[in-house]
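Structures for review follow.
Shared chain: chain A. Partners: chain B in the first complex, chain C in the second.
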Partner chain A sequence: MFILQQIWDFYATVFHTALSIENILLLFGSVILGITFGALPGLTATLGVGLLTTLTYGFSTNAAMITLLGMYVGAVYGGSYGSICVNIPGTAAAAATAMDGYPLACKGEAGRALGLTTTASFIGTMVGMFFLALFAPLIAKLALQFTSFEFFFLAFFGIMISGGLTGQDLVYKGWIAGLIGLFLSTIGRDHLQFFPRFTFGLSELDGGLEVVPVLIGAFGIPQIIQVIRDQLSVGEAKKFQRVLPEFGIILRRIKTIIRSALIGVGIGAVPGIGEDIAAWVSYGTAKKASKHPEMFGKGAYEGVIASETANNACIGGAIIPLLTLGIPGSPPAVMLLGALMIHNVTPGPMISIENPHFIMEMTAILCLASFATFISGLLLAKQVVKVLRIPPPVFMPIVLVLCVIGSYSLGTKVFNLYLMVPIGILAYYMQSMGYPIAPLVIGVILGPMADENLRRALMVSQGSFLPFFTRPVALILFIIIVWMFISQTPFYKRFAGELRGKRFKGKMANPPTE
Partner chain B sequence: MDKTELRRKDFVTSLLLIAFGFFLIVYTVSEIPMKDSWGGVMNVWYVSPGLFPICIGLLIMLMGSILCLRAIKDGGAKKVLDTLFSREKRISEKTFRFMGILLIIFTYVYLYIPRVDYFLSTMLILMVFISFYYLDRQDLLKKFFMFYLTGCLVFLILFVSGIDHYLNQQFLYLTDVLVFVFFLIYLAYSRILIRRDEALRKKWRISLLMSVLPSLVLIASFKYFLLVPLPVEGGFIEIMNIFRYALR
Partner chain C sequence: MKRYAVMVFLLVFVCAGLGLAQEKKFPVRDITNVVVWAAGGGTDVCNRIVSGEMAKLFKVNINVINKPGGVGGSIGMNDVYSRPHDGYTWAGVSESCVTAGVQGGWDKRMYVWDYFIVGGSPDVLSVTPNAPYKDLKELIEAAKAKPGSIRAGASASGSIHHLNLLALEKGSGAKFNYIPYPGSAPAQTAAMTGEVAVVVTSVAEQQQLIRAGKLRPLAMLTPQPFTMKDVGSIPSSFGPYPGLSTYLPIMQAIGFAVPAKVPENVKEAIAEVFKKVIASDTLKVWAEQNYYTLSGKTGKEAKEEFEKLESLFAWTLWELGAAEVNPETLKIPKP
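What follows is the complex of A and B.
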């Protein structure tokens, strides 16, 4: 009965959305905007979703989700245009696509490469959607069993894993970024006793930091500074005739598709890790598994298919923990969380009770967005490539104005801008010193969850920490967190290195026989 | 960034982090009640609003210390001492570009938006931002930077001293008029500097177009479509209102 209800919700939303002219216009408009945003080097899917969030606060929840998911799917796909046509990835998620996409364009196969990315992105998004529909309701039901003990560790686990996997230099830089995010989340009156913390007498800080201006500042300002400071320039785009769906080539590489989609969904479901990591892992795995790894980097179809399938499959994966646990799976999903909060939808285990149809509605919208991206990609590729001619010093100032007016318009408070700028500059400095930004914003988002659940749990146990270690899920999460920390200590690394050395020596002493 | 340079910065950052973590703990212990009564509720340490900030402070100090040790091990501390006594202090082209962006962002958010008509401040910032970097010549960037900085300093004095209030009382929107005059002078100054170069003249025209059109479209959309009241609605938005209601 439950499954039938879910299927009914899915088709009801698909038809309801598809039969409304307004929704279709919104869907195609946001997808085309997303593709354009993704194609422009320096503009990311995260920034696109963030800026559009500020425009959708007057919309209904359904219309806002159509717009934002359309932008998200479109921007992740659109990143491949820059990769293929000018060898500059439009988004970080499309960096792996440039490895083989641009060599294909140099061989005169730009149209085919774009056809491959369009088809692979479509399949990737659909697989992600399938997993979202399958797992999200189950995880939401399972999460209903969680109590404050589990939620505290879950929030901490999200920050630790996001920091650990996104750190470009040292792993603990990611954790430091997460801790700074947690500190930012404590500013304002605490949610249990309404005591003002770190407000320094400023009444504007009593309500805490508003999430969307923080997100726009953290992602938008560093992007603007970096592009302008480093003088990013775009070369002449490679020419192509038509973009056709490449189902023939794709079907012959079905194994690569399935593997890449699974990698994409899996990585997407891990908190805070985005489409870029999914694309690189999938690309690397495809190269390892290929019979002709020497062709990678010289225009291998598998390379393009692997990265594009994975980065789009990641979208569905990233929405699973977002909806079921309130923990965003990728940076654009953090923005989606901000949008959901604006529309009074609280993601987490209670979503299946408070909004029983919401997960299926999101699944249906994701399905429609992937169709809209596929159609727009095939029909408008030639026109969208023209935006690559716009020089970054012309469009980046407009992005700045959008960041400013977007941050301001949510609460119509100039104070939001006063906060957005220092947070943006802090994020820029952190980024330039190898600190990832995703854990910082995840810290801001998950901070209240960690704070409240820690105190609530201790209140239930009358100050005893014992239940943290007697409840199975809490214990597992605790062990993982401790292991993540210990695995980065020099002692553990030395020990692991010695163990590997012993094993290697053992193998050399007893070589395997046929 | 090369590793030693990164570790040098890490060393400085780690000290800042340790100090920040320490501040968090001291502030929390002294300002947030751990056991006292608050709002009629008797507190115990494990439900205190100070518990979480103390945990964060401790963890930040721990991470800062680990980072500090790593930076010392990789030669970061030594590099800090070396650069401390070095005399070589030259502003690179990238740093200058960065300073330009900071000047634009700071003046837009902290100087113009709270005091000047939003359309006018946006148009001015777009023109300055695009012309700084689109014309793409270091010598021009320096001249534009100095010119714009001087103008902003004049306005800063005007705003901080409160003269703008007096001017606005004498003549409505006089501050907006002054900023508009500054915008026109900036246009004339930049146009004179590039008068001999046809390619730059074309870029200048594009800059002007891209400063006026997006400002108009964005502000009209937010004000009339999304019904967002803008930070300061001065003389220019008043003119837009007249057109808007005349067309209705």
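What follows is the complex of A and C.
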């Protein structure tokens, strides 16, 4: 009975919101702006939501939330455009999408890849919304299982998993890249005691390396150099006619979609980490579960679907602890918290008493935003693919200019450019030696979290490492990390291969991949 | 000819008179309030409410914009200070802005501003609901018995809540194991999960959790008790520990500032409307709903409060090793 009431309430709210022309205009406007933000390097979901927060001060709470959530959903989705078309993810969340999206584009299937991400993002957002509506209080409890000990493992896990997945020849190279990222993240004053580390007396380095210039430098510059050097042209969109993907492709991968969505919601609900880890974990799981893991990285539909479903499902997940505990689950959710405070809504455990309809309203808006993204996505994708027809000698310099503007516009600091260029050059040489770039960026993003939480955890335990193994959630995470580490080493692979080989009397085909 | 000369003279005189009268009248155009912290924070929300109300009385727009960044809001403060000192640009500031100097973002003292303090939310000390301490006395005694054994969370080293915790330690003789967090929300979460037993943040930040029973308040770090809906009265920590009055209260001071060189008549005009707004019912209702204590200090009184905060914050940060610039070079007196 209660659930029926909820469902009725939900539909009533959705239709009530959707009936106003202004709301619909706001919704589509902000979604399209969001997609643009996501697609352009340097403009992220967090920045977009932050900018719109000030602009929506004069709006009603409802209208403001429509604008902000539209922006959020649009930007998380839009990140995939850059990943697929130019191999420069517009946001860190879309870095995993580039793994298979760009190879697809090189094969001339950019249109299909964009269509898949549009549908996957839509389904992901809807699943996230579903969980927000029904299980919010339950999932909020999960968020409280995480203390500094668990956060450290989680951050470390995120770096390791992206490292383990992206190494092309040797898995160690991915981990090395991740550790370089982790090292770069220690630059600046530490967050607990303000001790300056590797700052060389430069006050610009006090705040640490900013993520956006690193992201743009590391992904953008090597790609630009490479395309111009090799006279590469991304597969012309000749094969592509439709963006609405064949339902067969989607239906056959429904298991991947559901699994990825659940991963996204779960990771979103954990405070402080967001869409980027969700995408990587989901990508990794999809690869593990796939019957053809060797296809991953060469243009597997599953890869694109897994990461895009998860990063969008993360949104619903991230809003859950925000609304029920007042703890934002992801960086853009931090901005949402600010926006809510401006409109005199204090999220927290009392919200269902003080604003009984608010969670339902947010759910309804999230639902509308995902529809709007789906529709705008299908309309835009067709046009975006045409970008690939521009010859690279013209297109790449434009991308370069966009990269420079993107880095600079964040805080309007020239220093960001001094940061972007060397990191880009470092990334280019690393890439030409076969080191993947994504783990480096993930290391820079998650490094502060790993560093700060490890040290805080040790402050809490007064120097003892024991709680890492006595706390149940921490222990589980530890075992997963160790297992992941061992199972990826060539030694283990050979060992497992031999075992299997014996069992199947040599018939089993799992040769070491050297 | 002479008549013309007289007329021209008169005209000039009248125009000058009008001009003078014009100068007296404030404001004649829109005002910009540059909040030096991000949108949605306490300083931002507070400035938007007050500016909105003042705009109604001034009958001009007051545009609130955000210019966060730098250290202690230094980017916004430098920006406002570099514009004409005519009273048409305000800086929305809070107590933490006084740290900009020792952090190397602001090369002047804080007395170059005149402040209009709206108020702030008082600090409260709470514990995890199942913690064994029934009141502040039990907690302090336990902390004294085993110094450094009880974990206390607060936002980053040198933040206002950390300063409150330090003052409590000094005034009561207890020693906690201080665990820093990036902000009040994560510190409160840590208290809910039991990672820390004690947490110090403002009432506004904690009210939802206290009312939902997720945190249990022990004492206010202000001389007055505080009455909260659904919870009742939270006693003052000054009752059992009168010695605290030497170190506390260290209150939030949110409001706005104009450069001190702004003409006196303009400052007076702002102060007059500001006081009216602070006394209005709208602000009273807003303050009550948001767990703020209104201050309404202006002029010398407000300046003194900020100078006190400046010396306290600057020297504490310097002692913690978190300051870039020695407060002595800025000639900030010791507290």
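Here is the rule we go by: the second predicted complex is superposed on the first by the 267 of 514 C-alpha atoms of A that agree within 3 Å, B and C clash if a C-alpha of one lies under 4 Å from a C-alpha of the other, contacts with A are read in each partner's own complex, and residues count from 1 in each chain.
Everything below uses one rule, namely that a contact is a pair of C-beta atoms (placed from the backbone, for glycine too) under 8 Å apart; a residue touches a chain by one contact, two chains touch by 3 or more.
Keep in mind that what you see is a predicted model, and the values were worked out from it rather than measured.
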Thinking of the overlay built on chain A, is A:251 touched by chain B (first), by chain C (second), by both, or by neither? neither
Looking at A:326 after the superposition, I want to know if it touches chain B, chain C, both of them or none. Which is it: first, second, both, neither? second
Applying the document's definition of touch, where does A:476 land relative to chain B and chain C: first, second, both, or neither? neither
Tell me which of chain B and chain C touches more residues of chain A. B
Touching A:460 in the superposition: chain B (first), chain C (second), both, neither? second
Check whether A:289 is in contact with chain B, with chain C, with both or with neither, and answer first, second, both or neither. neither
In the superposed arrangement, does A:409 touch chain B (first), chain C (second), both or neither? first
Of the two partner chains, chain B (first) and chain C (second), which one does A:348 touch, if any: first, second, both, or neither? second
When the two structures are overlaid on chain A, which partner does A:190 contact: first (chain B), second (chain C), both, or neither? first
Touching chain B and also chain C: which chain A residues? 192-195, 459
Which part of chain B faces chain A closely enough to touch in the complex? 1, 6, 9-10, 13, 17, 24, 27-28, 32-33, 38-39, 41, 43-53, 55-56, 59-60, 63-64, 66-67, 70, 94, 97-98, 101-102, 104-106, 108-110, 113-114, 122, 125-126, 129-130, 132-134, 136, 206-207, 210, 214-215, 218, 222, 226-229, 231
Any idea which chain A residues touch chain C in the complex? 50, 53-54, 57, 144-148, 191-195, 203, 206, 271-272, 325-328, 335, 337-342, 344, 346-351, 411, 452, 456, 459-460, 462
As the complex stands, chain A meets chain B at residues 55, 58, 169-170, 172-173, 175-176, 179-180, 182-183, 186, 190, 192-195, 197-198, 221, 224-225, 228-231, 391, 393-394, 396-398, 400-402, 404-405, 408-409, 412, 414, 417-418, 420-421, 424-425, 432-434, 450-451, 454-455, 458-459, 463
Which of the residues in chain C come into contact with chain A in the complex? 38-42, 44-45, 48, 64-66, 69, 104, 151, 156-158, 177, 179-182, 185-186, 188-190, 192-196, 207-209, 211-212, 214, 289-290, 320-322, 324
